[in-house]
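Below: one structure, written as structure tokens.
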Amino acid sequence: MKALRPERQRRSEYKRIMAMTTRLRDNDAYGHMNNAVYGEYFDTAVNQTLIEARVLDLVASPAIGLVVQSFAHFFEAVTCPGRVDVGVRVAYIGRSSVSYEFAMFRDSEELAAAQGGFTHVYVNRETRRPVELPGPMRDVLTELAAPATIRV
Amino acid sequence: MKALRPERQRRSEYKRIMAMTTRLRDNDAYGHMNNAVYGEYFDTAVNQTLIEARVLDLVASPAIGLVVQSFAHFFEAVTCPGRVDVGVRVAYIGRSSVSYEFAMFRDSEELAAAQGGFTHVYVNRETRRPVELPGPMRDVLTELAAPATIRV
Amino acid sequence: MKALRPERQRRSEYKRIMAMTTRLRDNDAYGHMNNAVYGEYFDTAVNQTLIEARVLDLVASPAIGLVVQSFAHFFEAVTCPGRVDVGVRVAYIGRSSVSYEFAMFRDSEELAAAQGGFTHVYVNRETRRPVELPGPMRDVLTELAAPATIRV
Amino acid sequence: MKALRPERQRRSEYKRIMAMTTRLRDNDAYGHMNNAVYGEYFDTAVNQTLIEARVLDLVASPAIGLVVQSFAHFFEAVTCPGRVDVGVRVAYIGRSSVSYEFAMFRDSEELAAAQGGFTHVYVNRETRRPVELPGPMRDVLTELAAPATIRV
């Protein structure tokens, strides 16, 4: 069961790159960003993108995205202090779900130090039953779609 | 690209179950544990198990485990306040790597609310080059091995 | 400016003690709980107490508590793995505010490893203007009041 | 016991201002930065400053700073997404301790949304006994000293 290691991605493969600052608390006992922390960056990348595009309101939107699965691959250690760039793109747009892919780049490096992804299923805030992706959101997601994105 | 959803696992499939307490900060804007938080529980489960078994010392062990990949599936919302039980087991033992699987159970529920896994590669603390799993650690991991665990 | 160090408190000085589990991510580079983490325990102690007493609903309560000030003193290092006990008591009950005091105890130790406090001002969830403490909440707070608690 | 509210400070009162990015997980159930999170920003401001000035090495420095007390005042809600600016200055330099003061500013605002402080006592990494502030560190701290800083 040799771990399957994906190719390390490049900055140019991401339409949107967001600069984020590391925090001392990101570092673990070995002096590097703890694996459990990367999700905070990826989750921020998606939600900040949607909020800034005005297609998501965390408090008021009737449709909310719940993460149903996630994964990550770690290639190089990231350390605080230091800025990182987080790339985000859309890999799949379904009727009520969307899958994102992420990459974290150190400083001016071209190859990802880590990459991952997660899938949001949109549900009604009250009933928690799946709903269709809202139209304006679908437009924003389409903008973020990588060339190979599957759309339903 | 229908997301492949694994079977929800049962408590009896985990040799070791650890009770952990939730924190208010685990909750996101929607009132449930944020997907980025589960990794803190899983990471704690592994390291606490190894530390308590005296086969890992975060400060002094010459061989340290670096997470190279991780994944998670989320089935049911978990909320603070509330205790959770985290199951941990070993799915693969290699020469210098070990893959763990986790499940998070709510209260007295039998089926996992979330489950996931990650792979540790052991490296020399200084050189960061892969090393063989230390013998005493291998013994502890073998104890945690699920029936179907692959051993190299 | 010699730092004024308060007396380390005892378990018996707290009416309510809540067992909580540490997480690997609590540890900083020096192998001990980072000072920025203690607030997660204290915040959980208050909110969990109010939620379990059914006088606070994070999503629906019309009156919500905003922290306006906080402080902490650190006496002894706390380390993950290890359970802690968090003591919580009420030191002041005003018209629209309440001040809590906390202590964190290691294992079976009698003296606090850390202690602190914070003040909640209750405001209307929509207008964010101060409101009176709801009656049922005031009853719960009175139960948690230390002998020297000031009540308005 | 009317809570004593300090004056809200201005950007010009801080010699060093560091831009930091917020994370979705900073937000609590009420949609604003949880009080327990601010310490992550303040702790980062101090350590990043010392590391970048090459007077602190988290892994190797023989003298390490332990936080013995902290406090914070919260004036205005901070929300993710949004960048913040964190001001840091030195208020007291002792033989083996240093007290910092912090302020968090939203966007282009002039008055602090929150401010606080903490005291580091420097100890030997092994023995954990107090040691004198290393000379080069004292020089950096002196640069960060506010006009009214007390020096011993």
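As written, the chains take the letters A, B, C and D, and residue 1 is the first residue of each chain.
Note that in this section a residue touches a chain if its C-beta (ideal position, glycine included) is under 8 Å from a C-beta of that chain, and two chains touch if they have at least 3 such contacts.
These figures come from a predicted structure and were not determined experimentally.
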Query: With chain centres set to the mean of the C-alpha atoms, which chain is at the far end from subunit A?
result: C
Message: Tell me which has more C-beta contacts between its two chains, A-D or A-C.
response: A-D
Statement: Between the Cα centroids of subunit A and subunit D the separation in whole angstrom comes to 30
Statement: When centres are defined as mean Cα positions, the distance from subunit B to subunit D in whole Å is 34
- prompt: Cα centroid separation between subunit A and subunit C, in whole Å?
  reply: 34
- line: Each of the following residues of subunit C touches two or more other chains, namely 24-25, 27, 29, 31, 34, 36-37, 40, 43, 58-59
- prompt: Contact residues on subunit D for subunit C in the complex?
  reply: 1, 3, 5, 29-30, 34-37, 39-40, 42-43, 58-59, 64, 66-74, 77, 92, 94, 97, 99, 118-119, 125, 128, 150
- line: The residues of subunit D that touch subunit A in their complex are 19-25, 27, 31, 40-41, 43-44, 47-48, 51-52, 58-59, 80-81
- prompt: Contact residues on subunit C for subunit A in the complex?
  reply: 24-25, 27-29, 31, 34, 36-37
